Every structure is written in C-alpha cells, then in structure tokens.
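Naming follows writing order (A, B, C and D), and every chain is counted from residue 1.
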Amino acid sequence: MGLVLDKAPYILESFPGGSYVVTSMDWVINWSRKSSLWPLSFGLACCAIEWMADVGSRNDFDRFGVFPRPTPRQADLIFISGTLTKKMASRVRRLYEQMAEPRYVISMGSCSNTGGPFYDSYSVVKGVDKVLPVDVYIAGCPPRPEAVLLSILKLQEKIMTETISHKK
Amino acid sequence: MTETLKNTGFEEMTLNMGPQHPSTHGVLHLLLKMDGEVITEARPDIGYLHRGMEKLAEKRTWGANIALSDRWDYIASMSNNFAAVLGPEKLMNIAVPKRAEYIRIIMAELNRIASHLIFFGTYGIDIGAFTPFFYAFREREMILDLYESVCGARLTYNYFRIGGVSADLPEEFVPGVKAFIKYFRPKLKEYDTLLSTNPIFMDRTVGVGAISKEEAVDWALSGPNIRASGISFDIRKEDPYSVYSEFDFNIPTGKNGDCWDRYMVRMNEMSESARIIEQALEKLEPGDIMAKVAKVIRPPAGEIYTHVEAPKGELGVYCISDGSTMPYRYKVRGPSFVNLAILQKMLRGLKIADVVAVLGSIDIVLGEVDR
Amino acid sequence: MTDQEILAKIAEKFPAVVESKPAAGTLPAYSLTVEAPAASIAEVCAWLKSGGLKFDYLASLSGVDLKDKLQVVYHLYSLEMKHKLVLKVNLDRAVPELPSVSSVWQAANWHEREAYDMFGIKFTGHPYLERILTAEGFEGYPLLKDFIAKPDQYD
Amino acid sequence: MIYASQSLGDLWVWLLERLAEFCGWLGIPEVIRYSVEKGAYAIGLLVFISLTALVLIYMERKVSAHMQLRYGPMWTGGWHGWSQTIADMIKLLLKEDVIPDKADRWVHRVAPIVVFVPSLLGFLVIPFDKHLIGADLNVGILIIFGFSSIAVLSIFMGGWASNNKYTLLGGLRSAAQMISYELPLVLSVLGVIMTVGSLKMSDIVMAQKDVWFLFTPNFLGFIIYIIAGTAEVNRTPFDIPEAESELVSGYNTEYSGLKYGFFMLSEFTNTFIISAIAATFFMGGWNGPSWLPGIVSFLGKTYLIVFLLMWFRWTFPRFRVDRLMDFGWKFLLPLSFFNILMIAVWVLVKK
C-alpha cells in the first residue's frame, strides 16, 4: 500500500491545506489499526495462562477487537508473555521478523521486562527489550488480566499519536 | 524410513512443530519426520523454557524457594507449594497444625480442579472445539476468586509456609467453597454433554495413542496418565502425605490407556476432588495455622525425597541440606518432564492430527518440563 | 518386605552393594539407601527390576555434586510390592562415567540426558546422549558447584 | 403501479420496463440497453456481496461470542462494535504485504483473486426474488457447482505457492476434501432436480409454492446437502484445511494483509452461497407469507442456514482427515445414492 501510506502524504502536503487531509487520513488509519489489534496466539510461560484468562469470558478482550491469530503473518501484536530464555530468544526474534508491518510488542510480566525472579539465572534473557523493541510494558508476576486490558488501551493511545506525515 | 518410501524413492518430510504453535501448550518443539501425513519419527525438543530453577534454588533460602516453586507448574501452584514445604518440614521434624493441614488439602484439591479445567478447555481447542474452553474458564475464574480472597494472588500464590500456611481463611471462604462445589457438580454433566460424549470427539480420541500397562510403568508415567492405563497408582493412597489418609475418596482408573481414557480419568478426578474438599471442610476447626518455626530456617544436614500427587502426576523434590539457610541440592522431579518422554514412542505411526490429540491428552506444562 | 530383608537379598546377589551410612552429624536416611559401584550399575539395576525385588518404577534419577565427587541417585519404587529403595553411585569427578540404565527403565532416558546436561555425567550405552535443556552451543555444566555463567549479549 | 408491499423483484422489473421505454424513445440500440441493465445489476450485486461479507464476519464474531458466554466486539464504532469488520478491513488493506522469499511469487499473488472470482460468479444465478436474478439460466445450479469447484484450485494454489509445509498440507487436505464432498453435494441436489424436472432456479422456487421440499422426502437430501455444504466451505467440523490447532492456519498461513482479507471474505461469501442454495432448493426461496417481500423471506431463510452453520462451528470438534474421507465416501455418498433412488420412486408414485 505504498500509494496511500508513502506517496499520498508527500503529494498532499505540497498543496496548501493538504496537511488537514493528511490529518484526517491519519485518524482513519490509526482508528482502524487500534480497533483491530490481532495478537499472535503465543505464550511463553506463566503469564500465558493469565493471557488465556483474557481470552476467556470474564475479561474477553475481543470486546476491543483483539482477536488472536495463530500465524505471525496475520498478527499485528505480539505479547511476550513470560520468561524469555536464551534458547528461545532467537526464535522470538524471528517471529517478530515474520510479522507484517505495522507491528507492536507488549512485554507482559516481570520476566520479560527484566528477567523477574530469574534475574540471576544463567539461561534467562534479562528483559525482552534486548531482543525486540517494546511498545508497552506491563508490571506484575503475572500481571492481572485487567492489567493486560489496560496495556491494550495504552497501546491504542500510542497508536493514535502515529502519523503518516513526512513533516515530523 | 518406511518400506514404501524406500521403494518409491520419495523423501520423508521433516516438519518442525513449535516452539510457536497453537497447540504445543507453550514452547515445546516437536521434530516430526513424516511420510505424507503419517509420522515415522518424532523427537520432542525441550528446554525453551529452561530457567535454571535448580541452580537458582541453591542460591535462595528455603523459604524463598516456595516462591520459585510457584513457577514450576504454573497451573497448579498450590501443589508445587505443597511439594516444596514437605521436604524441609520433614528434615526439621515440624508438626504442622491440623487446621493448616486441612487448609492445605482444600487448596491443593481446588487447584487440581482448576488444573483439570484448563486441560478440559485446551484439549477441546486441540480437538477443534473452541467453546468448552470458555466454559472451563468460567468455573476456573471462580476458584481463582476464592484463592484471591485468601492470598491475594491469582496464579502464583506463594501461600504455603514451612510449618503451615501464610494466612488464615477469610470469613467468606468456607461458604464460598461450599457454594462453588454445589454449583460445580452439575457443571461436570454439562461438560459431558458438551464434549465427552460427542461422537466426533470420541472418534478422535478412543483408541488413539494407547499406552499399555507395561509401557506406562516402564516410562514411569504418573498421575492420570498411568491411571488411564489401568494402574491405580496415586501418591495420596500409595504413600499418604499430610493428612490424606483420613479421607475417603476413589481413584478413577481407565482401561485402555487411550486419549479418551486419560481425558475421562481427569474428568472423574474433578468430582473426587470435590468430595475431598467437602470432607476437609467438615473437619476444618479453628486453631493455629503455623507451627512454631524459627525465623531463619536451617534444616539439619541430611537428605530427603518427598513427593506429592500433583494434578499432572508425581511431583517429587529431592533436597539435600548441608545445615545452612539454603539447600545444597534441590532436584525437582516434574511429572510433565517424565510423562512427555513417552511421546517419542507414542507418536510413531500416527497422523498429524493425532499428534495434537495425544500431546493434549498427556497434559504437560512446559514450566515443569524445562524448569 | 522390610528394609533388612531387601538389604539381605541384594547383598546375597551383589556383595559389592552396601548400605550407605549418612556422614556424621547428618540426619539418618528416611528410606533404605544403598551404594553400588559405578561399573556394575547396569547389572544391578537389571536384577533389581527383574529379580525377586521387582523395582519396576524409576521415580527419579538425580545427579549431585558433592564437591569431591559426583553422585547419581536413583529413587526406585516397586508398584507391585510397594517398597522403596534409594540407590547411590559415586563417580570420580575427573572422569564421570557410568553405564546407562535406559535399557532397564525407559524412563531413565531423559533423566540421564538431563544429568548429562547439568553435570556432564556420561552414561555409556545411552541411545541418544545429547544436551536436553540448555541452549545450543552452551558451554559448561550449570549444576556443578564451580560453574560460573559467562555473560553474553542477553545478560 | 408500485405498492410498498410489493417485492423488490417487481420494482426491478418495473425499472427495467421504464428503461426499455426510455431507450426505445431515444432510439438507443438494444446492446447498450442490455449492458446498462446487467451492469447496474452487477454493481448492485458487488455492493451487496461486500456488505454481506462484512455483516457475516461481524455476525460470526457475535454469534460465537454469545455462545461462549462473551460479548464479542463492543467498542469499535460505538453501538455493540458495529464497525468492527470495517476497521479490520481498512487495517488489512493498509498492512504490509509479505511474500515469502522462496514462494512462487505469481501463483502466490494470483491465488487470492482466483478464490474470490468464483464466489462472485456464483451470485449471478441466485434468485433473490421473483425476477431478481442475474441470469436465470436453464443450467443455473450447474453454474454454481461448476464455479465453486474452482475454489479448491485457488486454495491449493495458495498452499503450494507459499512454500511452507503447513500450507502445503492444508492445500492438499482441502483438495482431497473438497473434491470428495463435491459428489454428495451435487447428488443431494439431484433429488430436487428430479422432483422439479428442471435445472432452472426460478422453476425450482416456483415448484415450492405450496410446500417446501424440506417437508417432502427430499428432507434426507437436505441433511446430506447441509453436511456436504459445510465441508465444501471448510467450516468446522470439516475445517481440516485450516485446522488451527494442527496446521497453524492451514493454506493461508503465509498470507498477510489484503490477500488474507480476500481469503477471509471468500470463506464468508461461499458460506452465503451455500446457504442461499439451501434456501432456494429446500426452503422455498422467495416464497413466503404474502405480506412479506420476497427478498426478506429469502434472506431470512438464508441467514437461518448461515446461523446453523455457525452453530455447528462453535459446538463441534474437528474430524480427523482420514475419518473425514471415510465419512464422505463410505457413508455420505451411498446415502445420497439411496436418496436419489428414494426420490425416483416417490416421483414415480406421485405421478
């Protein structure tokens, strides 16, 4: 979609008032992205169970349009839910690379934030941000499902600030 | 390689299942060699969640190890807590107060129900039915609410202490459990109509992945997996720990050791657990919840192997103390680790659709496999 | 069968297998503990399983680093006769090698791989003795007391 | 004259008459009038199809959610998340389009188009209302089955071109499944065709003016049709080409963005076509109470069948691939032969 996302802002902004059009395009694009965050159904450790509780009926993040996809190609969002070990690190990196742009990362729980209770282990990555760029961190060991819902809202806020404009 | 393949000159296909796959229950990696859809060789590759727990245990005090134990089998943390406290208690010869013992048993059995509910839900997804998952989670959330009222956590409770439990039950807990059991019993029938007796489900599971008695013992399976093969092996009866000898309950067993038997053993175990909880609630009397234990825990030098019947099977802890505040060696015998090993033998000759059925029916948790 | 009877039966067949006495100042053993020489462990285990004692269930197999020596501890159980046995094998720290028992109990397969991964104990005759838990290219044996983790790009 | 209670089909005919008068008055050649007429219908149909797909996806999410004690989309666009699928589609449109490095690039690109075209063409011969049919051919039903068998090709193309073992397995499975379920599907409809004695869609609907074929011995055919139709659109319990828990996402594992959107849309349009045929052949099509416009009656029946298929999806587990084949060849096919025999006897007796 190079025409809409890359060329259009360039052309439009050269006209007077074109930036208003770009802004409203921004709104539509960001609205669609934030309303339809499809996470990769992927769990690492304990936090994955709380993530499943979020899929479950009490918390139900389908309400926000979050709809788990099994394949990274169709996912927009990856939850690093649990301890990332050194053996797994390269695989998670590859999963991230397989996802199509735009892609977002939520680091869920102490383990993936910093290594958590395993901070002094020989086989644990001390924070997923050593491997991937992270958008939202959730604290907790494991975080409550409500915290996961909040992280999605926070990510939506973040997405709304994005722009396709070339003027930064 | 099969004979037909050799004769035709075609090659086997190697399929990497996992570490990210919707139905490997975490980060298990299965290396499958296949002739079409039929598996000729299977090799589980584990360690993607190896967190070095046993090494860490040697750097943590005995008390702090209970917190680590929450993360072995994170679906049934209470049973892990149980296994983690039994060893030091026996080494230090602590008599746990009666009330604490009953509370422990209520917690462990509720956790067994919660764990089997997750099995029920995820097994449905493995077989292709999504809806049971949501029904199972509805009931599981109720158990988690009860836990939350006691210890404030939903998943990693850190509730047991060496010599007792960390907090007494709040007022609403006992009526809450009673109400839950009353509500839960009819739900078991609902699950049966939803999944257990569904013809397609039976078609997928009956006769698939059968384990004979001899095999089950040879591979040292435990928990529902060995019971499904017709061997009534349950640590709670075999080597009663805590006060399990006071309770009256049955051990559900299967006949053929196939996926459906393993599934049904778990479903029946839930109602047995409910029975144990009811009896424990009857016996619960006011009293202490902690024995008199020194602030700094230094078990005398010695070694012990204690085991409990966790929802997945025999969870053993082999701990060696050198008289200091930290364990000298802390080996965890995770039931999932041992149960998973048989997979390489079972999968041969099955179809790829059966892989998920068999893997799901063994009910593994990767946190315990890799530790 | 009482512990003494089991001990007598084992001693009758294998005189080299003796009861292991805890060191001075440590608690007495909770269940019957015997020590066997490393070289004959496979025969001892094969007999324990198929002989009169019927230890058909290998509950656990653990490696232990005792600083001056390595130890492999087998926790055995008999489903039929309901008795337990702890079998210990002492190994030289420089050359930790002993025969594999994975042909006796299939369950030993992964336990031995784990012990190899964590302690570097080599089980001769094991069908597939590869590292099981640690990452590819991992150096050292983490559960040895003198293991020092090397920081890498993930630390 | 046009009355409010009259059907959409009559309105369409009235409009066409006015158009013909207008053209005759201006002296516009017949060819142009014809193409304007058909072009208008085609555009209307395209709008209808895209709306239907959006509605069906939203409906599926809502139906599944309510069966699973959830609410489903609730926030997007305000009222009960009504604009959820619109947001999904815009997002898919703007998403990066990944073509795997080792993929067969052209086949990979073409597959999503090939999957969408036959499901569009199928709509041409569906009788929405009296006179409201793209082309009332005398081989109507054959056209639909002919086009729908192209769909298997596209799924196989997608599975093959992605150069991924999971997609390949998904593609092979779907080829095997759709070809073997095509037979009972066509044979089950044969009973109705024998009863009516015509392949023309409007004839079949007209024949059910008094009693739906559902309440005649064709009932067995209806059952077979629903089972085989579910298999034909790859929905649970026959969703083995996608088989989320086995093959990740089956043939569309490597597709992202708009191309995946096409696969998703075509799945739902195919579901609609299968349901529409069921409504036409067994439930009387546009026939209904006189106060109800024909199109409402037709869509109501179609959505009822769609709901039935969704109900299947969210309650049943999935078949295993070899059992699926057994079921198709060893049970469903003989049963549909028996059905034909039975209908033949019935038709004979009735005469």
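The criterion applied here is as follows: contacts are C-beta pairs under 8 Å (C-beta built on N, C-alpha and C of every residue); 3 or more make two chains touch, one makes a residue touch a chain.
Small disclaimer: the values here were computed from a predicted structure and weren't measured.
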Quiz item: Which chain maximises the distance between its CA centroid and that of chain B?
Solution: D
Quiz item: Taking each chain's centre as the average of its Cα atoms, which is closest to the average over all protein Cα atoms shown?
Solution: B
Exercise. Find the geometric centre of each of chain C and chain D from their Cα atoms only, then give the gap between the two centres in Å, rounded to an integer.
Key: 64
Exercise. Starting from the mean Cα coordinates of chain A and chain D, work out the distance between those two points in Å.
Key: 35
Quiz prompt | Centre distance in Å when chain B and chain D are each reduced to the mean of their C-alpha atoms | solution = 45
Quiz item: Between chain B and chain C, what is the gap in Å from one C-alpha centre to the other?
Solution: 25
Quiz prompt | Per-residue multi-chain contacts in chain C, two or more chains | solution = 134-135, 142, 147
Quiz item: Going by the touch rule set out above, which residues of chain A reach two or more other chains?
Solution: 57, 70, 85, 87, 122-123
Quiz item: Can you list the residues of chain B that touch 2 or more other chains?
Solution: 21-22, 47, 50, 52, 55, 133-134, 138, 370
Quiz item: If you go through all the chains, which pairs of them touch?
Solution: A-B, A-C, A-D, B-C, B-D
Quiz item: Can you name the residues of chain B that touch chain A in the complex?
Solution: 19-22, 26-27, 47-52, 55-56, 59, 67-68, 71, 74-75, 118, 133-134, 137-138, 140-141, 144, 154-156, 366-367, 370
Quiz item: Which of the residues in chain C end up touching chain A in this complex?
Solution: 134-136, 138, 142, 147, 149, 152-155
Quiz prompt | Contact set on chain A toward chain B in their complex | solution = 40-46, 48-50, 52-53, 55-58, 70, 72, 82-83, 85, 87-88, 91, 95, 117-118, 120-124, 141-142, 144
Quiz item: Taking the complex as given, what residues does chain A use to touch chain D?
Solution: 1, 4-5, 28-29, 31-33, 35-36, 57, 60, 62-65, 67, 69-71, 73-74, 76, 98, 100-102
Quiz prompt | Footprint of chain C on chain B - complex, ascending | solution = 46-47, 50, 52, 54-55, 90-91, 215, 217-220, 231, 233, 238, 300-305, 307, 314, 316, 318, 320, 323, 329, 331, 333, 337-338, 340-342, 345, 370-371
